[in-house]
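Next up is a structure, given as structure tokens.
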């Protein structure tokens, strides 16, 4: 397929807001309980989305708050190195940390959070670069952010409002994290936010758990679009692909088979590919295809960030492969 | 399923006896012939079983003999760090060493032994903590131990007798090693020991090679139970699962599919799970399920030791998965 | 099967000629764009074939040209360590380098060449050990060599002629590299060389692209054998196996399933196994079987070199496996 | 010199109480801000002292509190592997973590603490193995423990009292940490504890900062011994050695020159060597010599733990060296 | 001392222009000829100076030209991650590469260049962000740039002229590289450039070799300042410190003793510290002190980049140390 | 200085005989007792000397005996990769192994041997390439070889005799290893061999311990030369340099200061440099200078092998340094 012109000049602009954490993971086959070595990555839904969109042609910035410390600077560097501009307030608090222990079947991959009292939990609009949100073509955050503190729930709403007033496209991924809050609590906080959202992405599992919608994905997507007056709702189902509702149409997108090296960040890569295509003027089915390809490529790359190129996405859409290109 | 109460207080106690070795393995894809790096693990059937049982709630001790040297202490430390108490006599001799070269199809995994003249080969009951065998709820050793020397064959019998006199459950895994002795030699040495055994585990392949029994696994299990008056006989068949004979009943247990990182120690994890469940009062089918889950989990972990938790075993029995738990 | 006597004394001798490069690859899952570490291997079609043949009993030498520098010596050492004698002229120029970024589906494995101006591009017969070519039982080079420079195209022809005059078996693998030259250019250069070739190996894909032959592999093989008066033509099709034409017969050989660690050098291992068997007096079907087994084993080994043993090849032909041999 | 009989049977017993943390450090020359890899060690003054004493013949146990999590078990394992018995209460809270960035002149080594809200901060005597403190020949803790929380200050006093009532030798290292509390706060909390202390170790620098005693080390030692009625007071001065006051005598001990690999834990190794010698019946000057040698050896070993042997300590006291022993 | 206000708002701006390369180095003690691993860093005098200045408060941008390839992006990322904005034209050509083999006495550290035909060699002003040079408070390049090609010699002069016309401070480090050109050739190309330079840095050794000035450093500095009408000339002498001439005064600065991990980039860190201080309004002696401290800190850090903080520079100027800060 | 023509054509030839072992060493600062990783090197006095001589222009071959196993081939490869031809008989027995634990002051470096029952211990002249000894310009072995077994003591004498009859220069390094035999035993075995030796190298310490000669080194050298009718006797004293006696003259040679990465193999590099110079026709003082420089360079290289070049030796003799050559 021919991708939308990812090299538009000027590039579309995206601002995101959320927590990014230090991610520590032991070597393959090692357990946290025994390891003598940890690989350091930086990740968080909102910076991951910014990176994926940036790799596909957007100019992306990431707003957050970190302590002024070597660890805070490590996080900032881990975002900047991928080409995303970090707009970081500094203040008291920890750097959120999480441990990723890759498993494989039947053990599965397990996550241990050590993210209490992170500096970002006290972030208020007046210390953040809200102007950059207003100037952007789109603003993105996820349901993880308001889960972190009451302050962040307010800040999230304020930023969505600011983006809306400025005419930016507002994108939101529900991203329910059971280790952060209960479904009812999530529902109560998130539902009011959805009224500020143009593009809503939600895992079918989360739609059932948090929003009590466990019907056919297409139905769920259409209903959510109607209820919250969203331009586009995408319901994702992991290996089973995704379904989108837009302008009274529904679109299906298969997931691609992958040799997975690192599954973390797959959903964020999907959203990044989706946003980059839509912001570049691509159709919804094109955006879904790019999203699926970006997500699949992400799984072949270690770390949270979707270090991929438009050419690689195009190659996947043209058939991909596991051969040697020489 | 609900597991047996692995947190019984007091915990059941297990003593094992055998050789543990330094295991050296090159990185994935490297050959012994070319490698510049070796990863060091510690393993041996009897300490592996002790570790697996300990992880599932038993208080476990491992009897052996090692030289008083940095290498000897490295082995001792490699057992102790997993929570098993090493009861180690010291004396002349080498530290057994083996090289594991992981392959994958069609090369397979190959083992090179360098275990001649290990200190353990001269271990006699009078230098071992036989009291701890007598005090334990169960005693375990495997067919590798009597294969190592005539002295060890005698010591094995003496420990089985001591355990029996003290009323401990005696468990034994045939564990035939073609690189150590011939089938006839193994049969001649092992058959007399089986009379002292309550729980006998034997690979179907070994039953055929060593014991000349190549019928249906269920038949083999029943016949062995009858011939040697065992409370429980388990015949294992790798990917094809296991069959148990107990109280005139036979039980079948499937093996679980796994993303295997390290196959070494799978059988020992199986036995450890089996013993821990039985010692905690679990039924034979429960013990087989826990054994299969423990074995499957072990395959996702690098090294000989089954570094798993009761919660992980329970999760596997509830369906397992390869998702991300967050 | 019983392999041909790979331990013949005296061993058959093989000389090869071509470029070998430093190969740099990031750890699994890392991208060239982000990596902080590169693993160093040495590889090139002609030294790879020499290594594989040497591992299977041939006395092999590799002719090339390198700068007198640490990097040049690194390449020489990377060939010598595998038991192949490097016969290296020294002169001005770079050391060819290539970057291998392993992917996996759907990203695939990508190769970035940085091989311009390599010293070997100016190699002429008068600075090479042509005597060793004349003394050898067989001479091998590939279509990569004449692709590198006009000088090397001439030198390739001169060495093939020298080998032919001396009665050596001349083997040639078309090995088309799209990043080096266009199909027409390749065809124009290579066709005249084929008249000097006894054993011709060509990928079905290259036969179509370069030689405009895209019929049934067996037909392609027979036609090429007829057109260029070759003793043996083998058409390879990756996972789909290979077909050979020899003495008016065609032979089919399946490829073997593998747990692939490193696909680079598979074709060279195939050729090395083929040549070693033929030079030891093996039949064409035996040579194809050994070739397929050597290629399959290579895929389980990191690096370009087929570090395998005749015993391993025999084991694969006897059924192989992924078990543990102890 | 001939060391005291470190192999006494029964071995002297030591109990310690305090926090041990995960220690993360980047490779030499890397900065926290840029590193992609962290080495994991486990350390804390009180478990370090237990390890050092255990290596020199004491039976040592370490009391603490940790969450029941992979990270909690990692800490426990990091103590147990060295032969010290962990007696760990479990409860809510984090695992204390610290980052060690080794520098070298003129950058120096820097420590970043991330130890807030550690589970140990709520440890009370009723959840700790106070019986083991009472049964021990000696009890040790340091000024870091009461610095962590008011609860721990109370618990520290309660354990010192329990030890005193049971007749155990009570040892205490002032160990002032400026990143934990102010000098006045430390003084107010620690002074009352000193009345329960038999062996007091204090850095000359801390004596000045916290206790306002900046006179000659020998004077400081004598005065402290008198003021708090201590059996032994040791004032340490890093490279400048140590001075001890005991029974109206003062003793001087030089520090040994070392090729330092890792300076962390030097002071704890000193205390461990001192206690092990005293508990084995050694004289004060012997204890100082062993302490200095243990501390010097520690500096050649990576990690907080003094992985040394009595033979190595004896060799250092006999002259040490940097040759090769073969 | 109190540093100049490195947190001025707005921050001073610096633009630099030059080649940055991939730097490959084997582990300590390994030789290029034998190594299986290479650590990847990115370095070049002009990006190194930009990084050092950025770390000390400047907003820095680096102009260059790279191929649009994974290797080109690796270089760009290696600059961006340190906070410097890469302004990179893309075009044909290689990525310059160099190999660094650290030695130590008496072997020394050796550099092998593989930088021929780098894309930057064809960079012309019309493809570079000259506007950013004009807008900057200062512009920096070194004698390496005009050494790379005649085109770059012209481009260097054009950029110096553009900077001069815009009123920017122009800084230049002679940086003679014997492996790139002969002294006479360097002199002929560089002398005309010096007329465009405000701050000239030159190693005493280069002043002698290239400029035929081998007198007392202070004399050399004064004469160069007079001859080329420079505001500031600094003559550096490695371990022997530096001498500066400014406004008819000369200033001496000692070098600091260091535990050196990586000597590469020391001079660039010196220049970065010098420029950052001067641009922030610091005096010449202050700038020399900061330069010396930045250079000393750089030597404790692996890689070309001076990953230091203003606080660390201040600590060094206050006495530094090799202790542990906790 | 100008070195002797190390590029003589034909090159001088050297044959050596002895055991080479796998050497396992933990990372810097790690202990054998705790390490999870071992670096693999190959070393042995006689192959080390062959490597050093080969690097300086000799054509060198190494005779030994190894098992036909991956470990045996690893040793062979570790010699061949450095350019020395391995002439290896195969037979039963182990591969000698040793563990090197680098320490630093005051711990020192310790060696743990695991070399019992190595295949080489049964090597007899009829299975070795004695013809190659006869054809060589020089033959070298050391006192380690006859220490390994009575068979090897006989084989050593037989090879020395064969070399002598053929007119080869016979070189011998006493190389006393206290862990292999007692001084009296060594003296009784070695003294008779000295009659077959032309060039005798002996550490001053060994001369005292084994040969009861503890006078001035020059005196010892002269007396040994006289007693055993040697052409050249070199007495080495580590850091204190060496003294040689030749033709009634004595020569002194200082040791060079080094930044030592790996001290193992220093003496062998010394002997290799000495032999290469003498065989190329260099004078005794030149040979001592080259020997000292080669030894010093070796210490900067990890592993037993002196991976150095004649250019580097010449640079050291011209002053060496720790600067950067670019």
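By written order: A, B, C, D, E and F. Residues from 1 in each chain.
Everything below uses one rule, namely that a contact is a pair of C-beta atoms (placed from the backbone, for glycine too) under 8 Å apart; a residue touches a chain by one contact, two chains touch by 3 or more.
Note that the structure is a prediction, hence the values are computed from the model and not measured.
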Partner chains shared by chain B and chain D (touch criterion as defined above): A, F
Based on which chains touch which, give the shortest step count from chain B to chain E. 2
According to the touch definition, list the chains common to the neighbour sets of chain C and chain E. A, F
Which of these, A-E, C-E or A-B, makes the same contacts as B-D in over half of the contact pairs? A-E
Which whole number of Å gives the spacing of the CA centres of chain A and chain C? 45
Chain C and chain F, separation of their C-alpha mean positions in angstrom: 39
Measuring from the mean C-alpha position of chain C to the mean C-alpha position of chain D, what distance in angstrom results? 62
Shared-interface residues of chain D (touching two or more other chains) are 31, 33-34, 36, 77, 81
Pairwise touch list, complete, is A-B, A-C, A-D, A-E, B-C, B-D, B-F, C-E, C-F, D-E, D-F, E-F
Which part of chain D faces chain A closely enough to touch in the complex? 24, 31-41, 69-71, 73-74, 77, 94-95, 97, 99, 101, 112, 114, 116-117
Parts of chain B lying in touch with chain A, wherever the complex brings them together: 81, 256-259, 261-262, 293, 296-297, 300-303, 307, 312, 315-316, 320-326
Chain A partner contacts - residues on chain C that touch it in the complex: 27-31, 33-34, 103-111, 113, 177-179, 263-264
Contact footprint of chain A on chain E as seen in their complex: 77, 80-83
